[in-house]
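Since the structure comes first, as structure tokens, the remarks are kept for the end.
Chain lettering (A, B, C and D) follows the sequence in which the chains are written, and residue indices restart at 1 in each chain.
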Amino acid sequence: MKLTKEQEQEIKELQSQKNTTKRVVAPELEKILYEAIPILDHGFVRVIDYMGDDTSVVQAARVSYGKGTKKVSTDAGLIKYLMRHWHSTPFEMCEIKYHIKLPIFIARQWIRHRTANVNEYSARYSILDKEFYLPTSDNLAAQSKINRQGRGEVLKGEQAKKVLDLLKEDAERTYKNYEEMLNERYDGSTIEENKAGLARELARMNLTLNTYTQWYWKTDLLNLMNFLRLRADSHAQYEIRAYAEAMLETLKKWVPITYEAFMDYRVGGTEVSAKGKLIIQKLIKGEKIQLEDSGLSKREWNELMQAFDLNDKSI
Amino acid sequence: MKLTKEQEQEIKELQSQKNTTKRVVAPELEKILYEAIPILDHGFVRVIDYMGDDTSVVQAARVSYGKGTKKVSTDAGLIKYLMRHWHSTPFEMCEIKYHIKLPIFIARQWIRHRTANVNEYSARYSILDKEFYLPTSDNLAAQSKINRQGRGEVLKGEQAKKVLDLLKEDAERTYKNYEEMLNERYDGSTIEENKAGLARELARMNLTLNTYTQWYWKTDLLNLMNFLRLRADSHAQYEIRAYAEAMLETLKKWVPITYEAFMDYRVGGTEVSAKGKLIIQKLIKGEKIQLEDSGLSKREWNELMQAFDLNDKSI
Amino acid sequence: MKLTKEQEQEIKELQSQKNTTKRVVAPELEKILYEAIPILDHGFVRVIDYMGDDTSVVQAARVSYGKGTKKVSTDAGLIKYLMRHWHSTPFEMCEIKYHIKLPIFIARQWIRHRTANVNEYSARYSILDKEFYLPTSDNLAAQSKINRQGRGEVLKGEQAKKVLDLLKEDAERTYKNYEEMLNERYDGSTIEENKAGLARELARMNLTLNTYTQWYWKTDLLNLMNFLRLRADSHAQYEIRAYAEAMLETLKKWVPITYEAFMDYRVGGTEVSAKGKLIIQKLIKGEKIQLEDSGLSKREWNELMQAFDLNDKSI
Amino acid sequence: MKLTKEQEQEIKELQSQKNTTKRVVAPELEKILYEAIPILDHGFVRVIDYMGDDTSVVQAARVSYGKGTKKVSTDAGLIKYLMRHWHSTPFEMCEIKYHIKLPIFIARQWIRHRTANVNEYSARYSILDKEFYLPTSDNLAAQSKINRQGRGEVLKGEQAKKVLDLLKEDAERTYKNYEEMLNERYDGSTIEENKAGLARELARMNLTLNTYTQWYWKTDLLNLMNFLRLRADSHAQYEIRAYAEAMLETLKKWVPITYEAFMDYRVGGTEVSAKGKLIIQKLIKGEKIQLEDSGLSKREWNELMQAFDLNDKSI
């Protein structure tokens, strides 16, 4: 990511603000407010506004349960209780707004989270920046043989080079032709005077899906955690995970107590089915049990063993 | 509304905060932050948090339309344009949180606005306050003869007194019996030692619908305006309108430019059907037109005449 | 629940329809379509429309994953996989509509599920039926001593009788006074000629929260399961659980394969936190472990032991 | 759009179903159920399921307003009333599901309507079809000079040919390189044995935005109308309007009475601001009024004149 001088200057000015407010403030998050955290080759994540903090969650829960919550003596205890029992509404009382720059094919995954507010840069109105995502060689993975949506080994040598060259050439050529059709360059200059350009809303269709777009994305704390649980997970596509992991760090700065509970109960936790519970119970009693007698499918069995890090052989 | 000394003290402390933030601040709204604005006999509206202001709407629109918005030179011009053309997403970029005390039958209307976050005081956990809504004599209206959901003349004399007495007696008696069943008084003291009380989640069913409840209610600027358009309207029930009107004032302090556009295009505006447009066109041309030839139903005709303040007779 | 003759006749007519359609049909659900399943003393649940069945879930998943799903050979296997991995969108492709009669205090819990469409009987327009919920003596529970939102022992003898008498008298008196204020009886007849009645939107505030209301409630399969997971759970209030359990039966008739997966992975399953997983792993290895060394709070420890039916003592 | 023989056969079979149901049926919609209506060069719209019809809207409204609706004697009268007064919930009681094939850049506009359920073909799992949108020469418009998001004159001669050639060549080349990177052809055959292909989730980034994708899209009647109001409008981009117009026809077959009211009050209607109302009133009274005295901006003035087809000059 290379910010323009203008952008750097703007961020600097925003960060030098010192406004007075009666609202609650999250001091660690304030420190990085407006900052552009680099993601992938040209992308970024910036927190640009927020509302509330851990105490807002507690405050909302105490309104709901009234005197009933007095027994839970600490804020941390209450937040853990809420997380463990899937209480959702107190976590909706905090809000955060990000400015994000990301490749279009990732934006298409991201937007499926419907409970957020979005303002995306519109290529009907304006020309898209000349920036496309090209994976580093570490991330140039082959299709997994065993998982239809997964990655296998990293491609090497000639083949890797070939793939990168194709991605680069195609992105550059289609962008050049985009300018050609628009009769306008990315910097706004006209290519050929006295000639009409194709409508922007049409010309954009020539761009490749790794072209970068950007948007403001605003959501509440509950839905942010729902997003992070799915997208910071090891099964998520690497490119979206890169964003989610940076956002996890902003979550930690914003609501540190909620973050701890989230890591323990959601990210690090697991689910066990009714049938799975019976297996665990038997294992605890020291009984031997095998896939064949378990009532589980091969796949379920493997997932259960993996969740509890059990060596299949030793059972 | 009578706040307890404790509550008054708490509000005072919250209001004396001076936190430093890099976020945008709405100075007029800051002045009334946490303040309890009295509504009806025991209710209130308090703004307890917010995010963004008019510039956040503009900022979001400019991200979307990029350089395309540079031609609209002023923020006010852009906000008016967005409002007029029903652009919705830029208005979703601001958020506000209220603490509201309101009678249960009004809460039941209110909650139908689904795009908000709510934490309500739970009568499963805690005992409800001993407060019920009793209309002032001005608001003791008869059923309208012409509008199935409207109010007619105000009741008078003996009948008005009778109604108020019944409302008061029934609310007090059912509350007293609620305490009796709980074996606990509203102040938390036990009525009869060594006797079990009925579960709270059951006892609450004995309360009348004018009992007050309270909640935190958080929504974005777009959905707040949707709420206010319906609930600050003259067709809304008086009791919910009283809340909406106080909230309109908070809107004005928060986002004054958006407020102006909202009043012009939404609250003060009207809609005209395809058939209605033909009538207006004829009237402008000076043609005579009558209900019979209009293609409108009697009801539609009346609504159209009323919307443009036209004296039916003179046409 | 006593249906009027009119209602019984209407249901009979609806059930005698034989329309021809090219849409998929759920034969077991068709059998009970329109039927009023009695709940509590005056409530009911009726399925009145639906769209899709188990094959619609499969169809949607196969569109998403394309040829990728061919390896999962059976519909049941695919539905189980989707449920286990929290895939949500394929379950949103089915829709169901219920007609429900329920006490207002339960309706207030229910409506918090926002992702549903609702049309409720409006007491602004029309007079509410003269029906109130009175618990059976089995359900007249004392407040739990250990759980702020739970029930303890059942009340007995004199006290139980007293509670029931109070509930009945208060509901009847407030309803009688509701009619008095309206100057109209529940059957629509006027009480005193030439006298105005109080507006309906006001008079309703005198009713108690156990008065019955009714609504149409429509939701998709995913959100129905979210509702049932919470409301058919043993921690849910008995009165709403009674509805949820009847609806579970309709789920089984509608989408039997999804129902099986739901019972195994959601209803019968459990969640284990990161810390909880460590405990389970140690127990499986035969290690001794005690609350003190577990890193869990007393409450978390108990919940974990309970989830796996472990006798605390033996560990 | 060319369907494969397999697809044609499948549609034929689905259409030959004759299932018996007690549900309401929309006979005109049944006639085209499953049919693929061609849109653009390779796209289509298919209605594949639905729930409810005009009577479902009426039924829901009558539950809400109870006896209060008896005065509105006809279903059409009631539906018109609901539409005119923006009653929303009764229209949410009907549901429809489409199968749609569309270019990705249009899918990106479409998905911004969040209140719908979507299952899209996943290019993480499967290879996208080798189909891209190429505009007809009629639709190859230049960028508008006056409207930042509009189209101007149609491009002609050499320039038009050039644009079409570029679009075609770039789409074909990027698709060919997509296959090359995958080491797999669109028909599933391997290009070079014993060589790994790039992961699908990565290779897709090389495709251009006019590549076709497909999805199931399910929404309720209210949100369908919200979509159509925006997307069948003359300001919508031609390519999405082509879909919306075909869907308007399905709306007409499904709920003909609602369709009529929608066309009159929404599509053909207009909105007038508070200031605009004053202008209209003066014009009706025969007063002269000019932009300068109107309190409107130039742009607002023009929009008002246009809405009522008024010749600016004559006023």
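Assume contacts are C-beta pairs under 8 Å (C-beta built on N, C-alpha and C of every residue); 3 or more make two chains touch, one makes a residue touch a chain.
In this text the structure is predicted, and so the values were computed from the model without any measurement.
Note on connectivity: the fewest steps through touching chains from subunit A to subunit D is 1. Between subunit B and subunit C, two chains of identical sequence, the interface residue sets overlap for the most part, with shared numbers making up over half of the total. Measuring from the averaged C-alpha position of subunit B to that of subunit D gives a distance of 34 Å. Centre-to-centre separation of subunit B and subunit C, using mean CA positions: 29 Å. In whole angstrom, the spacing between the mean C-alpha positions of subunit A and subunit B is 35. Residues of subunit A in contact with at least two other chains: 65, 68, 89, 112, 118, 122, 125, 148-149. On subunit D, the positions that touch subunit B within their shared complex are 65, 68, 71, 77, 80-81, 84, 89, 112, 148-149, 263-265, 267-277, 280-281, 283-284, 286, 297, 299-300, 303, 307-310. By the touch rule above, subunit D contacts subunit C in their complex via residues 14-15, 17-25, 30, 33-34, 49-52, 56, 59-61, 63-69, 89-90, 92-93, 95, 97, 99, 117-122, 125-127, 188, 214-216, 218, 220.
The part of subunit B that touches subunit C in the complex is made up of residues 103-105, 108, 111-112, 114-115, 118, 122, 124-125, 133, 135, 139-144, 148-153, 155, 159, 163, 166-167, 170-171, 173-174, 177, 180-182, 195-202, 204-210, 237.
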